[in-house]
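Dropping the structures in below, format is structure tokens.
Two complexes, one shared chain (chain A), two partners (chain B, chain C).
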Partner chain A sequence: MKSENTSSIKKLKKQENIIGYLFASPWLLGITLLGAFPILASLYISFTTYDMISAPTFIGLKNYIILFTNDTIFWKSMWNTVYHVMISVPLGLVTGISLALLLNNKIKGMSVYRTMFYLPNVVSIVAMALLWMWLFQPNFGVINELLSPIYKLFNMEPLQWYQSASTSKITLILMGMWTAGGSMVIYLAQMQDIPVSLYESAEVDGANWIQKTIHITLPLMTPSIFFNFIMGIIGGFQVFTIAYIMTNGGPSRSTYYFAYYMFDKMMTDHSMGMASAMAWILLIIILIITTFALRLNKRVVYLGEES
Partner chain B sequence: MTEPVKKPKLTKKQKRRIKAAILHVVLIIASFGFVFPFLWMLFTALKTPAELLQGFQQFFPSDPQWGNFVKAVTSIPFFMYLKNSLIIVVLVVTGTLFSATTAAYAFAKLRWKGRDKWFLVMLATMMIPIQVILIPTYIMYSYLGWLSTRLPLIVPAFFGGGAAFYIFLLRQFFKGIPKELTESAIIDGANHLQIFFKIMLPLSKPALLTVALFTFMATWNDYFGPLIFLSNPDHWTLAIGLRSFQTQFGGRYDLMMAASILIMLPTLLLFFFAQKSFIEGITFTGIKG
Partner chain C sequence: MKKLLLFLVVSMVAVGLLGCDKDTTSDKTEIIFWHMSPVGSESYSGMKTIIADFNDSQDLYYVKGVGFSFWDYWDKLSVAIASRTAPNIGLSTIDDVVSRASSGALYDLSTLMDADTSGVNTIDLNEFRQSQMDFATYEGDLYAMPFTATTRALYYNLDMFEELGLTEADVPTTWSELKTIAKMFDVVENGEIKRLGFDPTYGDATYHGWLWEAGLDFFDDNLDPTLNTQGHIDVMNWILDFNDDLTRAQLTAFGEENTLLGLNPFASERVAMIIGNDGLYQTIINSGATFNYDVAMIPIPDENGVHVNWGSGFSIEMYNNGNDTDAEVQGTYEFLKYLLSSDVQLELAEVNGWIMSHISAMDIYVENKPIMQKLLVEVDYARDKVYVPYAPSWHGNDWQPYYTQILNGELTPAEGLAAARANYLEKQENYNSVN
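On to the complex of A and B.
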């Protein structure tokens, strides 16, 4: 009797195992055929020269060596991308957190403000690029018109924004702040999860708004700050479309980002080996940064009482 | 006795009011900064080419050029692009719902070997830049002869392509559905397919709506995927079409803004109507992710 029971339980478990795999099978197929296999294949292709017409030829590390030692455009695109990440990620964090702090007060119409801040996030990136080309247009754009009193005051020439190599990167970064409402929503939700009792006892101790923000709000928000930081870095290293539409990578390659160079290697030159090597360099950079950040995360991020 | 107590109370209230007023002023200025580009877009779309060059001197369009929208629609094969966008969006939303719900059910409610390891793999895929899988898949589709079709944009959705966030979101939602419900259904002789269709999916409507909305927006707005994979101009989506508009009418910002507004309209409307499930979805992935 007993052994019969255990064997039927075993049968059920076996059955559930099969059913589990069946339910997961579309995704499992996808992750193997469209995920793991391409990642490994691109590693192999990165050790070859391959133009999609003749068969790939194995050349070892040559693609990597050429990129690192004999390709100024590679370094230029790398620098442009690092510059973009190093400024846009911190600026995005500060903007998003500031907006959330502003909204994290019990005021009327909070959800209306939240909607307005969030709105730019639903706009197609092409429409967004065209819109900001018009706003930043040096001669007839609204932004230079708004700044014209300042230009006059300091007797300076109007900025050329995306049309000049010295300001193009910053222009694209500033534009990106228009979508800071996306991360703000996440910060705000986490801020509103913070127990009111913490603030009340701080008030009893005579803490002001700044002290409460520094000692309660920000430390308890570290998980969402960390999340947005990682996502910001991963996204920042892949910056492409906005430059493709607004500047074509120019002027004088000042917005020619890493992903843009890779795109050209792939779609224009059909050097699939070189492009794959660049993709793997990108993957390794992102892996190093996230591992480093995860280590830091353990020390800095507040994970709640249970852990 | 009561008076000295009352006085500071009043000033405290006043203080709070002043604070609130300052806050509102700051918030109104800030939100104006976020919303003004939209307004300027609309005004620009309704102006004449001459008015475009006058900036703030001609803040509002003097004689709204509604014809600009007609011109924007008729000067590119707008309705063909619209049809293509809709075909791709509808199929990708369907595919994502299929692959994300089945996988989420397996992760949330079934015990199978390696489940937890696969779950970690799924979370890790969120961090992998698409460039790494792009080239081999491009080569693969080229061998399959798919580069002249829409298939590279549609088929992956049925296999969980880009669905990691949604699987995660749905799994959390499914986990919240009480065990008793599924267990009693099993005792009544229901199989997992029945539980999935008759209990899980009907109870998860809000989460399914969120996933559908996010997928709709992401696919409608996607530029990179169509740019790489749609080589046939007859398959171009609105996002790609809008870009061809730019190369054709470089300086005509009135027409470009009109076309941009038309492309933004569906996502803006969707956002306004389904704001709640939208914001909840974002905060969910952000905080619990």
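On to the complex of A and C.
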């Protein structure tokens, strides 16, 4: 009787696996045919010199050696990108969590507020960039107009925002915060899952809002915080569009990010081999950082009580 | 219900299939032509008519035109050439034809011309400037033909001149005259520029353009970067000192106001003089401006100045994707000849407002257009920039960051030029080590 049950369970599991693979087959085929081939091709091209017209010529590791040892702009673009990631990821987390905490209330019209904060995520990035160019325009932009009393108070020159190499990176990061509503939605969803009984128990013990936030909300939100952290790092290292539209990588290459340089290597220098090598370097950097972050997973992320 | 649904689906499929049937073109060889007159552009209908006229005259070939905006065109073409999905024929930049020809991406037009005995629209090479055709020549053969003949000139606002009691005789011809006259037009109110006489960084003015006028260049004959002479520094200082009574922040703000408002500073009468190409003539017409203006040669240095301007014309070329049939190649060549014929070049000039490459056709085109006549004279002084394999964008991405730093005062001219030169040398070394 027992062996009969075991074999039917095995049969069911097999059937379930087949159905699973069948459902996943479009994606599996897609990743194999449309994903794996270009990925492997780019790996090969990274070991070649290839102007995108003539046939690629194998040159071994030369592209990598040049990038690491004799390409000043490579390091400049790398620093710009690391700077962007280091500031924008923590700032994005804090902004997203803060918004979520503010909007996790049962007051009238809350859904309207939530929609308003999420709305920037559905605006075209080109339109967003142009809008912010107007706002941040140093001479007639609204932001400097609003800040003019502060400038007068401290007797300082108006900030040049994206027009100055010293403030351009921060300007683009601040602009990026406008879309923090995207992560806010994820945080809010997780907050809704936190059992009310925990808050009730805390209230019985006399906990205030800050104590409840620190000891209940934030620990239970760590899975979504961690998810947004990882996604933020990946997205941060790929930053490109906003600089391409707003600053053309300038001024003085201060917003010339890694992905921008990679794009120029391909499109303007016609050096596909070098661009592919850069793509693989970027992939490895992201892999290392993500692996390191995942190792922290068990230590910093609350994954539920062990049974 | 099911029957009704089935009937509807079958009917829609049938109507769709009927709609797809092009009985006039199905037996013709299709030629794809990429141009810069996308749907919605002012030149779209004109370009469509030109293509339709060719199609009406053909029994064997059918040209399908695909228009992209100028800004989208280049990336799309680069990717298409790389992936061997380029159109049969399209426009490109004439200064780097050699790079495409040497890689086998283009058909040898000389061979096609030699084999052409049809007598229809035969290309008369005497109708095209040798200086342009030299750029389209690789190993003695033509791999492209000049399509447009872009030129740059000094546009000046005659009404503003008259307002200050100046006449056409006062139009500057040298750098020192330019500065003296320009300063008369400046209007600054509360620290904000309301009107500017001239700025050597506005419009189509470029550092390499000014260098050429001073008999200098970015590269020597071996394509090694120069930029390290006192002459280069002097030209840069002239640019920096031109509006030294104004701050760079004021000039940048003034320029950005125009950009953000989508205004051409000359067409909107915010500058008295500007360097512009022949396209500015059309821009002024399109903007509905009513002021009087004229064009002249770009002022040259007071001593040993060279009358020259940056051309940057388009080429027309046939792309070799490696799988084209003989009929496609022949049909494309017939269309190329058609586009380069006198009548069509005239039509193209009317449609786009460009100065085309056909010399006689342009003589006719400018007959009743005094400003265009002067621009056409400047075409003979136009020069294209050299193609540098290790830095194809030497005048753009590679140069602009240093130029901006110098203009903003972050680097002195000597420091900025030295840094730019070091970058070119690094690129040259890296390129040579893998090619």
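We adopt the following convention: the second predicted complex is superposed on the first by the 275 of 307 C-alpha atoms of A that agree within 3 Å, B and C clash if a C-alpha of one lies under 4 Å from a C-alpha of the other, contacts with A are read in each partner's own complex, and residues count from 1 in each chain.
Everything below uses one rule, namely that a residue touches a chain if its C-beta (ideal position, glycine included) is under 8 Å from a C-beta of that chain, and two chains touch if they have at least 3 such contacts.
The structure displayed is predicted, hence computed values, not measured ones.
Clashing of chain B with chain C is the outcome of superposition onto chain A.
Shared-chain residue A:73: touches chain C; no touch with chain B. When the two complexes are overlaid on their common chain A, residue A:204 makes contact with neither chain B nor chain C. Residue contacts after overlaying the shared chain place A:134 against chain B and chain C alike.
In the superposition on chain A, contact of A:228 is made with chain B only, not with chain C. In the superposed three-chain model, the partner touching more residues of chain A is B, compared with the other of chain B and chain C. Once chain A of one complex is fitted onto chain A of the other, the partner contacts of A:103 are limited to chain B, with no touch recorded for chain C.
In the superposed pair of complexes, A:270 makes contact with chain C only, with no contact to chain B. When the shared chain is aligned, chain B and chain C each come close enough to touch A:52. By the touch criterion defined above, A:178 lies against chain B but remains apart from chain C after alignment on the C-alpha atoms of chain A. In the superposed model, A:63 lies in contact with chain C only, and not with chain B. Comparing 4-12, 184-192 or 256-264 from chain C against chain B in the aligned model shows that the clashing stretch is 256-264.
In the superposition on chain A, chain A positions 52, 134, 137, 140, 267, 272 are in contact with chain B in one complex as well as with chain C in the other. For chain B in complex with chain A, the residues that touch the partner chain are 20, 23-24, 26-27, 30-31, 34-35, 37-38, 40-41, 44, 52-53, 55-56, 98-100, 102-103, 105-107, 110-113, 115, 118, 121-122, 125, 127-140, 142, 156, 158-161, 163, 167, 192, 196, 217, 220-221, 223-224, 227-228, 238-239, 242-243, 246, 253, 256-257, 260-261, 263-264, 267-268, 270-271, 275, 279, 282-283, 286-287, 289.
Interface residues of chain A facing chain C in the complex, by the touch rule stated above, are 49, 51-54, 59, 62-63, 66, 70-73, 133-134, 137-140, 160, 163, 165, 248-253, 256, 264, 267-270, 272-273.
Partner chain A is touched in their complex by these residues of chain C: 75, 78, 81-82, 99-100, 103-105, 192, 249, 252-253, 256-257, 260, 391-393, 396-397, 400-401, 404-405, 408, 410, 423, 426-427, 429-430, 433-435. Those residues of chain A lying in contact with chain B across their complex are 13, 16-21, 23-31, 33-35, 37-39, 41-42, 45, 52, 99, 102-103, 105, 107, 109, 113-120, 122-127, 130-132, 134-135, 137, 140, 142, 145, 178, 181-183, 185-186, 188-190, 193, 223-224, 227-228, 230, 234, 237-238, 240-241, 244-245, 259, 262, 266-267, 272, 275-276, 278-280, 282-283, 286-287, 290.
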